[in-house]
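Shared between the two complexes below is subunit A, which pairs with subunit B and subunit C, respectively.
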Partner chain A sequence: MIFRSLLAALALMFVMSTATADQRWQRVEAVTQALDNRVPELEGLSLELPLVAEDGSSVSLSVSFTGSLEDGEHIEKIRLFAPGNPRPEVADITLGPLASPANIATRIRLSETQQVVALAITNQDRAFLTTRDVRVTVSGCLVGGGDASAMAMANPRLALAGSARPGQPVTVRSLINHPMETGLRPDGQADDSIEQQLVESLTATLNDEPVLTARFFTGTSANPYLQFQLTPEEEGELKLAWQDQKGEQMEASQAIKF
Partner chain B sequence: MTKSNFKNQGLNSSRRDLLKLMGAASALPLLGACSSLGGPASKDLSARVVVVGGGFGGATAAKYLKRNAPDLDVTLVEPNKVFYTCPFSNLVLAGMRTMDSISHNYNELRELGVRVVHTTAQDVDPVSRTVSLGDGSSIRYEKLLLSPGIDIRWNAIEGYDQAAAEQAPHAWKAGDQTRLLRRQIEAMDDGGVFVLTAPANPFRCPPGPYERASLVAHYLSQHKPRSKVLILDAKDNFSKQGLFMQGWKDVHGDRIEWVGLSGDGKVVRVDAGKREVETEFGTIHKASVLNVVPPQKAGFIADRAGVTNESGWVPVDPVTFESTQVKDIYVVGDATIAAPMPKSGFAANAQGKVAAAAIIAALEGQRPLEPSWANTCYSLINPEYGISVAAVYRIQEGLIHESSGGVSPSDANATFRKLEADYASGWYSAITQDTWGTRR
Partner chain C sequence: MGNLFSDHLSAVLWAGALLGVVYGMIAQWSRFCLLRGLFNRWQQNDSRRLRAFALAMAVALVSSQWLAWQAGINLTRTPYHPGNLPVVALIVGGLLFGYGMALANACGARSLVLLGTGNLRSLLVLLVLGIAAYMTMSGVLAEFRLWMEDLYRPTLPATDLTLVTAPLGLDTETGRLVLAGLLSLALTAWALSSRAFRTSPRDWLGGLLIGLLVAAGWWITGVLGADDFDPVRLASLTFVAPVGDSLQYLMLSTGTSLRFGVTVVAGIVAGSFLVALLTREFVWQSFTSPGHNGRAIVGGFLMGVGGIMSIGCTLGQGLSGFSTLAISSFLALAGIVAGSRLALRFSVGSSASH
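Coming up: the complex of A and B.
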């Protein structure tokens, strides 16, 4: 462990000595903590965001793994960061082997022009990292999620884009209505903010086998949206369960038929 | 006065005229800096400038180039002899205006001495500085200004291609598509549903889909009162949203229904034959008239010239609107990445003036002036109810920023809304006269 840390530190020093503007992530504590001394490969992960976001309250993001993996190796975690936001965490996604290929799309909040960071970690402890600069012309910081009195989750949605086939990936889309109050938005009273209320997590299972778990943070847009790939080996029931900060749950399910 | 300024005196006086003219529309802060700029005396005011595209951006640029540097050899390449504006085409759809009343021509530009060539621009070779034209000829330039507008991203929504647009029109370029959609609305049965699908940002005319829904609802209220309007939107937030929604409630009751992104409003598939759309989460909506406002990109010639980036739009130097990718090619209007300035006719007009001044400055060997731009945009909820947004834009830290602006008050009375509807007509007359010299 010490040896690995030492190697990592040396490698990091080397990387830092050749640092360019594209290595700003090295100064983001949340990112370095998530890396936990792993030295990320800077090729292999692809992050798509608009170059200019005209509405920072909902910016489409997709991240996919395009590099090569060893036999038995799969992407186990994808973490997204918006270091220019008041809080950098956007989403943490844990993928099981059924959620392959690793290809995630979501909608995020950006409070200002910044460099968004995506990190992927494999089950063999390899890390991949990529960044993308986004100019934000309308901040997503203070935009409400709609009706602030509607703090409960509503209208869970789940759909497959296309038909499922054994061993073939199919795109799964999910959405739930919720304001995702950040706890940072003034409520109009002096020095007071609207209480934080988030959808904390989304868990997907196929026949009770884990497919994917997502944790959402303040950087996830209102009405959290998540799209992923499912590669089913057998037919069954795909079930999604959302849980909010108050511990309440909502579910949606979809039959997987070949 | 320095010697070089003395040499340029004739030009400087025309520049002052230019600036006076520009001051009215785009409020340039100025001028002190101008007379202190000596610069190399590399002025070439008989240079050939080619302008491609005769819409708000290109026609304005051609006019202001020629007006302010009369020795310039200015050619405008535009396939159509008559140009129909997208602004006010929603009024045509609602039967409030004729196509003639939104048509403009190039007579004024010819009178000013601009050579107007009615053909398409097929290709640009930035090395030999040549534009190839649809008639087989080609034309050389010292400076090229592209105002190519938008092209549709065919098949970005599954099933929406050129053939589909003949059944489910976009009408997002005014002309035959406008006529087609108007005919469909007129032929619609009472009790039918007009479905409009709106794209994600960025796209031409941010308030356009919502004004269209408003005016189609107005027409339906007069002629087919049992009919409805459904907007399926790939966004949760849109231009002047609060004002539109209040106006819909005030004027149209529940005739207009809007479904945003988080309510499953994003359309992912179109079946134009069945006049049917499918949303992200699998809801099928059937339309009597289906109007697809599709995702867009910069006009074709921008790609050929190599000025677009991966987004499909054109990055420009915000001071001059010269391409950041290809020297001596300037690009204005909807094709550019100029956010937070909107993709609007008024913004294209202001950008055309800034680019014209920058081209003249560059040919003179002068530094460009620090620009500013204005945008004003009126939308009608019905013929008696107008709303507006206006803003001024300046350069801050090398980027375009909105320095001031706002929208109509939310608590205005009916007299105020009526006045804004009248101002909308005045706005249209003024901006089209400034651009084409036509009186409408």
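Coming up: the complex of A and C.
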């Protein structure tokens, strides 16, 4: 009898542990705050990351929406979190209707083995959430001393992969050189002698119509990279503008021709 | 070239494997080895092999600087140019590496070559070296390394030798040109001043070709691997971290991607194996005593720890780092030479003359 109840208790513990294993995101304050009482659907959003990250300071990540949406509904916000980092925020991306289908790729920093969380919210206030476990072999926090001379943005790059066609999605890739100094040191603490210096935002416009806005946090890798899909309806000029924490700006532009 | 491969990453990997094969073949044929060079010089007053290393340094320097200037590769964007120079870690790391290299009787690159010839001792050295390297890079010794690096790290106006020429009023470009010219002239002159060396093609040809391979490494990662959005990390021949990476790749290949250094490592073993087969030099070898075995383990460990602290090994700092004129290379190389000298004095003695 005792044996049986023990077994039942063990089985229950097992079931509970597996049930909660995938709900770890519920205990991450930044995620619950971003959800703001919405109940996310766990199907539809897909997150691609390597199973093993050999270099935690730059881990390729892509997130795309593969589920179904209502007519006129589009993904409006994509937020990325790395809850095991000293600061969980990685990037917030706001997408306009031109930046569809929702398919974003970037490079992130991971300080240790953890579960990365992606959250998408539609313009009709539906939320989708997905997670992915990544094993980190070299912590992204093991960086050497920052190079103070390289603290400015440099060499912005923007290119289309393939040619643009009306109503057809084309992949846009962008990169800017910047060390993305977190101001944190390997123990995860802020060091007063090192000033945080990040590229704060990237804004994309097509003929001055907003396409996409990205906010980068400490979890975004040095030389922030962003790839997204653009579905242009007409020709024009795609313009990207980066802004760092000091308020400095840099721009790059690319003609969209059919 | 671009049509030959599906993308720049696989082009880099294939070229890396080829580079490794060529290095393995030349190194096995010429017995290229800094440790042997130093010991032959100190013990038998035979400096041919040391002169081969000096010639390789000269050729690597000139060809790499020429390539960097021609192809617009910024060689200061390599790990050999830390923003603040971790002086203590570089010298201590060099000392540990040099001491370990003497104990294990071969550096990392030489161990790979020996492995291809059936030397099972170097398999153990490499396993321990790879694990110790990762322990120091990201494992239990990482904190120790960071502490060591932070002991004294001055911010210098330059990370390469233009530090010396800048006060003379030369700009960086001209400074590099002058330095590369002078240093390589001096090294070549010393190497060629020996008749024994000039009449030993194994040494002079080996040194010459290996020097060129360093520039080939920069070309592969810097030109073949160039991409606006996804550039390959600049690297050339180096053998501490890549040995660790190779072990990791063997264990975690389903979740990780192949890297340049790993394909070079695999290529070297294959290249020296080929030559050893052709010249009938392939022979299984193992330890002769527990003491021999222990020296290999301690040597591999010291090389792994020291090699990460000094940002490279005899080839990584001695040739690749040196070819970028990095200040860190001079400190690390001095440490490596001093470390081997200490080992010769205190623990290896005459037993290492085979």
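Basically, the second predicted complex is superposed on the first by the 225 of 258 C-alpha atoms of A that agree within 3 Å, B and C clash if a C-alpha of one lies under 4 Å from a C-alpha of the other, contacts with A are read in each partner's own complex, and residues count from 1 in each chain.
Everything below uses one rule, namely that a residue touches a chain if its C-beta (ideal position, glycine included) is under 8 Å from a C-beta of that chain, and two chains touch if they have at least 3 such contacts.
Remember, it's a predicted structure, so these values are computed and weren't measured experimentally.
In the superposed pair of complexes, A:137 makes contact with subunit B and with subunit C alike.
By the touch criterion defined above, A:186 lies against subunit C but remains apart from subunit B after alignment on the C-alpha atoms of chain A.
By the touch criterion defined above, A:241 reaches neither subunit B nor subunit C. Once the two complexes are overlaid on the shared chain, A:175 sits against subunit B and subunit C alike. In the superposition on chain A, A:159 makes contact with both subunit B and subunit C. Of the two partner chains, neither subunit B nor subunit C is touched by A:47.
In the superposition on chain A, A:57 contacts subunit B only, with no contact to subunit C.
In the superposition on chain A, A:105 contacts neither subunit B nor subunit C. On subunit A, the patch touched by subunit B and the patch touched by subunit C overlap at residues 50-52, 54, 135, 137-138, 146, 157, 159, 173, 175, 225.
Those residues of subunit B that touch subunit A in the shared complex are 200-202, 235-237, 261-264, 268, 280-282, 309-311, 337, 339-340, 399. By the touch criterion stated above, subunit C contacts subunit A in their complex at residues 82-84, 86, 134, 137-138, 142-143, 146, 149, 153, 155, 228-229, 245, 248, 252, 254-257, 259. Residues of subunit A that touch subunit C in their complex: 50-52, 54, 135, 137-139, 142, 144-150, 157, 159, 173, 175, 186, 225. If you check the complex, the residues on subunit A that touch subunit B are 50-52, 54-55, 57-58, 60, 135, 137-138, 143, 146, 155, 157-159, 161, 173, 175, 177, 222-223, 225.
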